[in-house]
Each structure stands twice: as structure tokens, then as C-alpha cells.
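Look at the two complexes coming up: subunit A is in both, with subunit B in one and subunit C in the other.
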Partner chain A sequence: MSMILLIEQLLNGLQSGLMLFLMAAGLTLVFGVMGLINLAHGSLYMVGAFACAGVAAATGSFWLGLAASIAAAAAAGAIVEIAVIRRLYRRDHLDQVLATFALILIFSEGTRWLYGSFPLYLNVPDALSGSVTLPGGIRYSLFRLAIIGAGLLVAVGLFLLIGKTRIGVQVRAGEADREMIAALGVDIRRLYTLVFALGAALAGMAGALVGTIQSVQVGMGEPVLILAFVVIVIGGIGSIKGALVGALLVGLTDTMGRVLLPSLFDLFMETSAATSVGAALASMAIYILMALVLIVKPGGLFGARA
Partner chain B sequence: MNRAQIVNAALALGLLGFGLGAWAMGETFLVTLATKVAILAIAGAGLNLVLGFGGLVSFGHAAYFGLGGYTAGILAHHALNYTAMFEWPFVYEGTTSMPVIWITAMLIGALAALMIGALSLRTTGVYFIMITLAFGQMIFYFAISWPAYGGEDGLPIYVRNGFPGLNTLDPVQFFGLVCAVLFAVLGLIAMLAHSRFGLALQAARQNRQRLMAVGIRPGGVLLVAFVISGAITALAGALYADLNRFVSPSMLSWHLSGELLVFLILGGTGRLFAPLAGAGLYIALEHLLGGVSDHWQFFFGLLLLGVVLFARGGVIGFLAGGKRHG
Partner chain C sequence: MTGTKTGIHRETRMTKYLTTTALALSMIGGAAMAEPVKVGMITTLSGGGASLGIDTRDGFMLAVEEAGNPDLEVHIEDDQRKPEVAVQLSDELIQSEEVDILTGIVWSNLAMAVVPGAVRQGKFYLSTNAAPSQLAGKGCHENYFSVSYQNDNLHEAAGQYATDEGYGRMFIMAPNYPAGQDSLSGFKRFYEGEVASEVYTQLGQTDYAAEIAQIRDSDADALFFFLPGGMGISFMKQWAEAGIDMPVVGPAFSFSQDILPAIGEAAIGVKNTAQWSKDLDNEANAQFVEAFEEKYDRLPSLYAAQGYDTARLILAAMEKADVSDADAFREAVRSAEFDSVRGDFAFGPNQHPVQDIYVREVISEDGTLTNKIAATAMEDRGDAYAEECKM
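This part shows the complex of A and B:
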């Protein structure tokens, strides 16, 4: 295995980890502040991707599409929160799972109704197409590099928002004791809608960016949703820092496992057998990672509560 | 008989009556549909043991269902192709005998549930939901990427496996066999629920501290229930594989785990016959709505949302009234 390929895969892992972080951050905030498990988070990711594809196709501008994806996902999140999610905060987790499962069916089937089952493809904007040569002579896609930059920017922005602003103080206080901050005069209903819409906007942005690399289709949010669950279980529910560390661990493990495991087994097996054993194990690698974390720390790496 | 018992009896007779009535009128497709309801009810009954009685929201029961299905598929695959499944310590060529397949499927389901349960039960609440979901996905992706048994394409069973003394290819005989299994499973769960173990299991749902105070470790009780539950759901999976004469990774998908939860909520969580009522209603809706619109899942989602938000207690809660204590 050449060094160049290895570094390229490391960058791919970093990129998929950062996109997972955008998903997981919303999930973990919603759970930390409202105590809600939201399966429909993957649908908001899909909404973002479709909004981007629709607007980009109509206007010809990827940037308008990206803005539309954030706006559409945030709007969809706010509407869903006000219409449905708000009624679920006091319910047990089973009701939350089923109601948000129902939302997935509605979103997925509704989108299929509007757009059909065929995948849509987005074009990388001209300014970011092609590839760049990194130090060391590695050629890497400029768009993927831009995604890594955008992911890092959002992560920093989110840490500043939660750590340094008044809204962040309210969010953190909401995690600690929601009755108390309501008693202190914070409009808790508005705060909940805001947090939910923020999480939705992040998911929508991730959907648009990943949709540009892969494709935009119904059901694209579900595999990512489950990976995001693995991320927040590893990182600890409610912790943004945990979500970031967990997302990078999962992104890198998944990407590197797919590259390294087949060649590892190739050392002592036939090539065809090594490929299938390696691929099968690689597809399980992140779950094994999760199991290991759970054995050592049942509450996740940065979890406050189990 | 109280109202709940009357409703239960009506459900059991309704299933039998529907299947046999359809057979009498020569509607083979409807007999198969009734068989599907009965099999999904068995899977739901397995989940009901941990969810309804033990209060554990397992979002990964498709894993046991699919493992049961693959057990049936793989054993039959080797028997029908005359290839050895393993050659050590003895040569084994698979089997097409349902009793052997059922026992193997239940053992494999129990073993998987033991390993997954031992890890997952270290956590509670939302963690438990996400972890069972994640382990379910792990097995799903393994099935997709392992090429020996069909991978993504699945594995056909060319001839339905046999049961001594029955012609299982006859839809109504297979329906009768499945119903017998369903009622045996429901009887077993009713017995368990009233046993010392069942009372401890329900106490684990209601108040773990008090259970510990009387000297019972909740973890052990819940793990045993989880293992039994995995075995029952795997048995249902083996039957489902034989019904379709086909196994595919979709049996392991998380949609199926969600559907099993939906059956219980539609039926009324914690009620013995909830899985039958829920599976019956789900399949009926799928069939009826599916005839009206290709996008039936959209309307089903709205309906499910309405049930969860406004109509708690499910079908049996509505018909039999009275909140189950606890």
C-alpha cells in the first residue's frame, strides 16, 4: 500500500467523520436538552439534500442550493417540532421512537411521491471542481477538501455558540435543569424549537454536501442516522465534544477498515477469500468499536449520564 | 371470562376463521396472508416478552428474525445441493426437517441474544435503544457483505422444508402448523408471565430498586428474558423463510425492527395478544391501503402518528378497556 493512497483515505475518513459530526451534533443536542430520541433526523438530512438538488437545478447555482438546503431543513425541523415533537417530550422513549418512525415513513414516502424513486445528481460548483496538489505530491479533490474545511468551521462555530453566547448558556442550562431555567424566565418552548431547528439545519447542510459527492435519493438519511447513533453512543449522549471525537473515530475506522482489512488478510489468505473476509469485517468494524467502548465506558467517552 | 379474555379468544378464532374460510373459498393468496400474520405475530410475541413485560425497548429484533431465517435458508441450501456445511468434527450436509431447523434457529437466536443482551443491558434508556439498533445493523451489513450465502441478493429455498406427517407445500397445512406454533408460544408466554420469573420481570420494568431490595438482580432476569425473546423471534424468522421460500438481508433490516415495535403499539403494549392484533391490523392495512395508493406508507405514517399521539393502549386497549395495572 502506497503512502499516497493511505493519506488520501485518511482525508476521506476525516471528511466522512466531519459530515457525521454535523448529523450527530443535532441529535445529541436534541437529546441532551429535550431528552428526545429523534429517528426523523435522517429525514431532515434528506430534506436538505433534495432542497439543494431542486434549487440548484432550477437556478443553476450550487450556492443558492446550499443556502436552500439549510433553510428548508431548519424550516422543516421547526414545523415538525411545533406540530409533533413538542407533544412527545413528556412521553416515554418508546412513544418517541414510534412517532418519529412514523415521521420517517411520511417524509420518505412524501418525497418519493414528489420526486420519484430515481436518484438525483448534483454538480460540484465550478469554483471547487477538479483537484489540488497537496504538499507531498498528493492529488485530492478540491470539493472534498472544501467539505473538510466547512465541517471544521461549523464545528468551531458550534463550540463558540454553545460555549460563549447567551443562547449557548441557555442550552447548557436546559441540559442541566429545564424546570429551573423556565422558572428564571427563559421561554423554554422557543428555546426547544430553536435547538431543534439548529440541529435540523446542520443535518440539512450535511445532506446537501454529501449528496453532491454521492447522490440524492429517498432513504439516503437512514444509514447516516444509524451511524450518527453509533457516534453519540461512543461519544456520550448530550456531549458536543463527544460527538466530535466519536464522529472522527467512526469516520476514520470505517474508511480505513475498508482499505486496510482486505490487504491485512491478504498477507495470510488467498486474495479472493481475503477480500470477502476483509470486507465483511470492515462493515462490522465500527460496531465492534462501539462494543469495545461500551465495555470500558458504558456511558460513552464523554457521557455525563448512562 | 373478562373482556380482555373475550377479545383474545375473538382474535385467535378470527385468525383461524379467516385462514380456514379463505381456504374453503379457494383463496390461496389469503391463506398465505393469514400465515404471514401468524408468523409476524410470533416474532412480535418474542419482542413483547422483553418490551411489554420487561420494559426494554429493543430496536434490533430484526437481527434474531433474520438469523432464524438464514438458519433455515442455509441448512436447506446445503441439504438441497448435497454440499457439506462443515466437515469437522463430522460431515454435515444440512437438513430440510423443520423440527431440526427450528431448534437450531432458536439456539442461534438465543446465542446471539445472549451476546448482544449481555453488552446492551449494561446500559438503559436511550442508550439501550440505540445499541440494540446498532448491533442489528452490524448483522445486517455482515449479511450483505458476506458473499457465501447470496450476500445482497439473498438465498432461495427451492422446496419448502418438511414437517413429519404434514405436506407443508399445501398452504392450509402450513397455515395450521404455524398457528399451532403461535398458540404454543403465546401459551408459553402466558405461563412465563404468571411464574415467579415473569413477576420478577414485570417488577424489573416497574421499579428496579425495589426488585433489588427483595434480593433479585434485575440484570439477570432481563438477560434471561432477552435470550428467550431472541429464540422465539428466531423461530418466527425460520418460519418466515419457509413461507417465502427465500431469505434476504431485508429480514435483518431496521425497518423490520421498527415494524415489530409498531405491531405491539397498534395491538396494545404488554397485552398477551397484542402482537396478533397488531400484525393483523398492519397486514390488513398494507393490503387495503396498498390497493388504493402506491404511497400507502405515507398514509400509514399519518395513522401511526395519530395512534401514538392520541390513541394510547392500541386495539386491545380500545376493545377490552381498563388500563392494565403496572
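This part shows the complex of A and C:
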């Protein structure tokens, strides 16, 4: 395998990892701060993609669509938090799983009712279409580069928000001791709604960006949700830094596994068997990674609670 | 009938018993004359892949409504693309609704869960889409018909087309599951060139950056891929974005009318193989395409055409035989005397179609993406498993 191909694949891994980070960041905040398992996080990702496709089709502007996706997912998140999630904080995890699973069904069928069952069209904006040649002669999709850029910006923004602002202090305090921060006079209900909406907005943005290069259809959120859970388990629940490292690890492991494992088996097996075995192992790679991390650090890489 | 039975039990005198029995029998006999043919349709109407089931249903029901035959009764159920749900529905349809014919399943794994049990219970199964090799070869059954194709057919035709075009080296790719492995072996069965690289992707994978980089790096002449549904949409969009100048060939599933609008212009020029196309020149097809567009306000897909043909086949068989006489009805279905939207249509020895398979090209027609026939890949193609079928 040539060096150029290897670097290109690393970029692909980085890109898919950063999109996973957008999903996982919201999930890990909600889990860490509120102690809530939110299965419907994938639905918010889908809401973002559909809002983007709908608005982009109506106005002809991808950028308006992207803004709409963030707004729609944040609004959907806030509404869901106030109407349903709020009642679940004190319940046990099984109740939360049941209720948020119901939300998945409601979101999926609601979206189908609004948009129909056929996948929607959403394409890369003209300004970002095509590919560019990077130093070293690597040709890479401009839109994917933009996704990497956007993912890094959001990561930096989140670190500043959590580490340097008053809201961030409250979020971290809420994570450490819920009762105490309520006793100190912080409006915990408002804080929860805010965190939930923020997580939803990030998921919606990821949905719109990923939907642009993949397909916008009902049920698109669930496969990503599973990966996002793997990410937060690896990274450690509640940790933004863990989500970032976990997402990059998962993205790179998945991409490199898919590329390298079949070629590895090809060295000592017949080609068609090697591709089959390699592909099968590649699909397990991230779960093997998760198992290894949990053996060494049961609380995840950056988990506060072991 | 239940009412008559209780009546019988209440009567004690022999003569009355006999009279009532005779009366009841005559009533049953009378009912049989007007007894409708009950069809149970199990298809995917919700969740991922619902667009395929919806098109199947809409095509089927269009034919049913056009015929206006009051003796045909259709029960439609949603399998949610889950094998266990499909099995439960088929039990329900067979036991409570007492259907005569089952149809409609889109996915091969669901068909494998339902079909063997249904035909063993003496029901007919007419497939509108899924036709796994297991049911075409050793597992064939006299009550099982595939009206669509045998699963390998479209891949074989793509292999034949690649050979005809003189592509010397092909990059081939499919998801790592039974239908994906069948796809690549079907392709290789008729492809005479060299396989540059063979890649299995994950089922449900949506990001193909890694595979596209490998394709760019390979020295293949052309690409063959089988990625049904959302996987195909994602791949084609990313492929177009990568700007690789390489011909693309695939089975119709990734370029069917239900998903073309979501792929957009990235699909234009792609060659795909199918046994049906909207521009096939025959009267039944012209009438079907017009009526479908009129009724549903969209162009029909391959699945809609298959659903339509299946309903027409059932209706034609009903004209010739009574479904209660299983042997006669089976013969009537086997003779396949109906005007298929595919033109010529016949069943082979394993009750799978023998038909022409075409190469279609994706074009833009008045701003709408659709397919147009470019060539005939295979004529009167049966399938590779017919010999193994001992019926």
C-alpha cells in the first residue's frame, strides 16, 4: 500500500471520528450530567438531516439548511426534555431506556408521516464540491476536509465552553454533585434543558453534515447511535475529552481495520477467503477495542467514576 | 358455519339431523362458488427499506383495482423487515385469515423464514422479489413460484455485460452477508476478465471513503457493486464527489426509481441490469407505467412492476382454475398466461422465471432521473440452480 493511500485513509478515519465525536459529545454530557440513557439521540441526528434536506430543497441553500438542522434539532431536544425526559431523571435506567426507545419510534414514524418513506436528496454545496490536492499529491474531497475542520472547531468550542465559562462550571458541578449545586441556587432544570438542547444541536449538525455525503432516510440514526455508545464507553462516561479521544480511536480503528485487515489476511490466505475473513474481523474491530479498553480501564479512558 | 354446527348439536332427532346436514352442506357448496381467493401480503411498510415494500404493495394493488375482481381479497401486513415478525404474520394469515396465497416479501432472509413453512402447509407462495438460491435449487417446492427473478440473475447479467464490454480488470464490491456473497459469485459466473480486487463491506455501512480510496488506487477498468437501499445512495454520492473517471456497473437495486431521486445527478450514465424497465416496449408496460403514474403521482420502480406482474398472474390463474383445486391452480400459475409488463415471460422447471435481462442506463428525462434500456445482456436466462431442483 502506498504512503499516499495510507495518509488518505488516515484522513478518512479522522473525518469519521470527528463526526462520531459530535454525536458522542451530547450523549456523554447527558449521561454524565443527568445520569440519563438517551436512546433517542440518534433520532435527533435524523431530525437534523431531514431539516437540512427539507430546507435546502425549499430554499436552494445548503447553508440555510445547515442552520435549520442545528435549530430544529436543538428545538426538538428542548421540547423532548421538557415534555418527556424531565420526568425520567429520578427513574431507573430501564424506564429511561423504555421511554427513549418509544421516542425513537415516535420520531421515526413522525418523520415518515411528514416526509414519506422515500430517501431524500441532499447534496454537497457547490462551494465545497469536488476534491483538492493536498501537499504530497493527496487528492481529497473538499467537503470531507470541511467536515474535519468543522469537527475540530466544535471540539475546541466545547472545551472552552466546559472549561472556561460559567455554564461550563455549572455543568461540571452538576456532574459531580447534583444536590449540592441545586442547593447553591443554580436553576438545575434550566441547566438540564440547556445541556440537552446543546447535545441535540450537535447531533443535528452531525446528521446534516453526514447526511450530505450519505443518505437521508428514516432510521439513519440508530447505527450511529450504537457507535456513539461505544465511543462514550471507551472514552469514559461524562468526559468530553474522553468522547474526543474515543471517537478518534473508533473512527481510525474502523477505517484502518477495513483497509488493512483484508490485505493482511491476503498475505497467507486465498484472496476471496481473505477478503471475507478480513471484512468480518474488521466489523468486530471496534468492539474488540472496546473490550480491551474495558479490561485495562473499566471506567473508560477518562472516566471519572470507575 | 359455526352457527349451523351449534344448530346441529342442539337437534336430537335423526331426521332433523340429516335434513340440517344436507342443508348445511348445500350452503357450504353454494359458498364455495363465491368463495374469494384470499391473498396474504407480507411486506416491509415501516422502518428502513419501507420504500421497497410500499412500491411492491402499490404495484400489486394497482393490478387488483384495475381487474376489479370481487373474488380476490387481499390482506396486507407490515413485517418491519424483521424475520420473526414475518413468521408471526404468516402464521396469523394462514391460521386466522385462512389465506390461499402468500406473497410480498422483499428480503431473502425473511423469505427463508416464511416460505418453507407456508408451502409445507399447502399454501401457495408467489414471490414479488426475494428469490434466494436455497429455494431455487434443492429447496424448491411445487407451491413456490418466483415471479421476479432468481437472486443471482441481475448480477450474472452484469458479469455478462462487463465481459461484452471488454472490461479486462474489474473492482467488485458487495456487503458481507449471504446475498452479497451470492452477488459476487453470480457476477464472476459470467465475467471472463480478471478480478482486480474483491471487497466486502459491512452490511448497513454508510461511509465508503476507505473503499473509494482503494478503488482509486487500483488499476481496474471498471467497478461493479451491489449495495441495496441507503448503502447505494451513500456510495454513489461519495463516488461522484471523489471524481474518479471509471465506468460503473451494478444490479438495478441501487438505481431503482425509488432511490434515484435521492442519489441525484451522481447516478447519470451508470449502467445497471434489470429484467424490467419503464421504457420496455410492450402494451402491458405502457399501460402500467401510465396508470401507476396517474394513481400515485410518481414513476414506478422495479419492485412496483414485480408486484403488478404478481397480481396479474394470480388474476389470470383465477380465471382458469379454482384455488381450492390446488393441482389445477398450480398448473394455471405455471402456464403463466398473462400479459407481463416484461413482455415475454415463462417459468423454468424450478418455477423461476426464464426471461430477458437488460442493461439500463440512468438518464435525466425532463429533469427527472430514470432508466432507459441500453442493451440486452442475456436472453431467456433461467438460473444456475434449476438442475438441482427435483420436483
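Definition applied: the second predicted complex is superposed on the first by the 305 of 306 C-alpha atoms of A that agree within 3 Å, B and C clash if a C-alpha of one lies under 4 Å from a C-alpha of the other, contacts with A are read in each partner's own complex, and residues count from 1 in each chain.
Throughout what follows, a contact is a pair of C-beta atoms (placed from the backbone, for glycine too) under 8 Å apart; a residue touches a chain by one contact, two chains touch by 3 or more.
The structure presented is a predicted model; accordingly, all values stated were derived computationally and were not measured.
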So, after the overlay on subunit A, do subunit B and subunit C clash or fit? They clash
Partner chain in contact with A:217 - subunit B first, subunit C second, else both or neither:
second
Which superposed partner A:276 touches (first subunit B, second subunit C, both, neither): both
Looking at A:295 after the superposition, I want to know if it touches subunit B, subunit C, both of them or none. Which is it: first, second, both, neither?
first
- Of the partners subunit B and subunit C, which touch A:284 in the superposed model: first, second, both, neither? first
Subunit B and subunit C footprints on subunit A meet at residues 108-109, 112, 276, 279-280, 282-283
In the complex, subunit C touches subunit A at residues 45-48, 50-51, 54, 176, 181, 198-202, 204, 206-207, 209-211, 213-214, 216-217, 230, 233-234, 237-238, 241-243, 258-259, 261-264, 266
Within the complex, subunit B is touched by subunit A residues 31, 37, 84, 87-88, 93-95, 97-99, 101-106, 108-110, 112-113, 222, 226, 229-230, 232-233, 237, 276, 279-280, 282-284, 287-288, 290-291, 294-295, 298-300, 306
The answer for subunit A against subunit C in the complex is residues 1-2, 5, 8-9, 12-13, 15-16, 108-109, 112, 117-121, 123-124, 129-131, 139, 141, 143-144, 210, 212-220, 223, 255, 258-259, 262, 271-272, 275-276, 278-280, 282-283
Note: in the complex, subunit B contacts subunit A through residues 51, 57, 59, 119, 122-127, 129-131, 133-135, 137-138, 141-142, 144-148, 254, 258, 261-262, 265, 269, 295, 297-298, 300-302, 304-305, 308-309
